[in-house]
């Protein structure tokens, strides 16, 4: 049996803001159906790396290969590619002027060119999966933070992406609302979705992740199974970080 | 003080400012003026705001040469008195072969001025929308134009309503400047009638026409301001 | 191209017209020096009336503000200049312009001051009164400085509009900048003097407009 091809790959990826080099040559690959956590201290570049994966942040060097396509190539239609890479943000970023359903269907109608009844059907299905069917006609400001984030996940899922990126999805939530979002992510993971997650939810990482990559100062210092990283880190910087967070 | 004298003074006053014969004679002309004022005002509001919105959207692409052009256009039209532009367009352009009617000059100049102010207001609105909205839209595959049309502008509109209404009212009142280049709007009809009749009644009629026309607009503007309570502070 | 330059940028005509235009600029400057302070003082007074506790005074003032905001300034000016003489009130062009501008500007400045004063919380007034300041002292030393700072961009923006508006004085034959330029135009049958006047307005107002833009963006953040 062949080793499976990675769905997403970063090769010597670099990103600088002025003179500050935030990503210093990242090599990373993600297999289909894998769930990988990026952890590390703030400012280590993990969010920037995640945002480079769909080019919300323009890398200053290196390559991103998604599903065999070089995303940095000038011939690539990045909007088509982005439909296959879902993203969930720390601040949810729901459109406040649109209803929950319209939030989900906007890209379906305008980019995938689905007609509105079909798009509405997909939205209904997605809302069912995140447990918010009854909120279909609500506006974002009528929802709790946790509900907003679940709608945001539904919005990303609706496009049937091959990979989903989560940028600190629970950091802006009140503690009692975190659980409902993690539950949805767990369900998504069980359904076989490929996911990259930047998060501080270490317990969730330990339970759910296939692999954890520890980043520090713009580099991936160490990666491996969650057990190995959390119980038996090899590198000094990883040890410091793990002992810091488990205190 | 004797009553007959007071009476005659009052008579003189109504005779001069509210002369019934002249009211009858010139109400047709004033009505025509009202029609022309309204025509220009409506045209200016539509073209000015549409052009302003278009410029603000263009600016969001952040393409340097275009943005320099837009900035200069906006600054110049905000710096120049409308009357200067009107005289320049009306008397200057014919000498290089562009002859325009006063009506067209007034429409064009006021539209450009409104466009400049509207662009600034829309642009401030666009800048006020959080970056996350752009990112969320772009991450689902919407292009720049789709993002601005479906996600950014609908949100930005809310905070542009109040300042845009006030600015639009102020610029629409400049239709009165048309009198200088012979556009037959209210003021023009009124001053022409005044010099024919040698009486202030037509001018009073014109002033009243403006007040009847614009008081409701100003009141609506005030209502919108409280409804969309938005201050720049 | 040559026709264009000759019609709009004829330096010969410009230099001949320049003494006239400079005199016009002097009148425009004088006009600004009179009508801007007058408008600011009038506006502040009207704003305080509009915030009065007496409902009659309050609504009366607001009606007056809206009245003068509804009348186009040129209509007001022509009414004062050529309508009032019929009632035996004859004013020189300069006085007529000052009166018209005073009425119009006071209404606009009043709206801005009112918004500014309303933006300062009642707590400021109460705090000042609690330390023994009289109402007028609290207003002058505590509320107004904050109010003015809060609406500085709007005050500046309106002042730019006032400077531009002085050009309508040309319609009642006050020999300010635009009147002089238009006179030169009608004598020479050439638009260069108006271009020159436009250039002068730009020279004075463009930097202010730029400053305002920066101020607005800074305040907006």
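By written order: A, B and C. Residues from 1 in each chain.
Following the convention adopted for this analysis, contacts are C-beta pairs under 8 Å (C-beta built on N, C-alpha and C of every residue); 3 or more make two chains touch, one makes a residue touch a chain.
These numbers were taken from a predicted model, which means no experiment stands behind them.
Chemist: Measuring centre to centre with C-alpha atoms, which chain is farthest from chain B?
Modeler: Farthest by centroid: A.
Chemist: State which chain is most central when centres are taken as means of Cα atoms.
Modeler: B
Chemist: How big is the gap, in whole Å, between where the Cα atoms of chain A centre and where those of chain B centre?
Modeler: Here the centre of chain B sits 49 Å away from the centre of chain A.
Chemist: Find the geometric centre of each of chain A and chain C from their Cα atoms only, then give the gap between the two centres in Å, rounded to an integer.
Modeler: Chain A and chain C have C-alpha centres separated by 55 Å.
Chemist: If you average the CA atoms of chain B and of chain C, how far apart do the two points sit, in angstrom?
Modeler: Using C-alpha averages as centres, the distance is 17 Å.
Chemist: Please set out, as single numbers or ranges, the residues of chain A touching at least two other chains.
Modeler: Touching at least two other chains: none.
Chemist: What does chain C use to touch chain B in their complex?
Modeler: Within the complex, chain C touches chain B at residues 3-4, 7-8, 66-67, 69-76, 78-79, 82-83, 86-87, 115, 119, 150-151, 153-154, 160-161, 164-168, 170-171, 178, 181-182, 185, 190-191, 194-195, 197-198, 201-202, 205-206, 208-210, 213, 216-217, 219-220.
Chemist: Tell me, which parts of chain A touch chain B in their complex?
Modeler: Counting only chain A, the residues touching chain B are 54, 56, 79-83, 85-87, 89, 91, 93-97, 106-107, 110-112, 152, 155-156, 159.
Chemist: In the complex, go through chain B and note every residue touching chain C.
Modeler: Residue positions touching the partner: 13, 16-17, 75-76, 78-85, 87-88, 91-92, 95-97, 120, 124, 127-128, 169-170, 173-177, 179-180, 186-187, 191, 194, 199-200, 203-204, 206-207, 210-211, 213-215, 217-219, 222, 231-233.
Chemist: If you look only at chain B, which of its residues touch chain A in the complex?
Modeler: Residues 130, 132-133, 135-143, 146, 150-151, 154-155.
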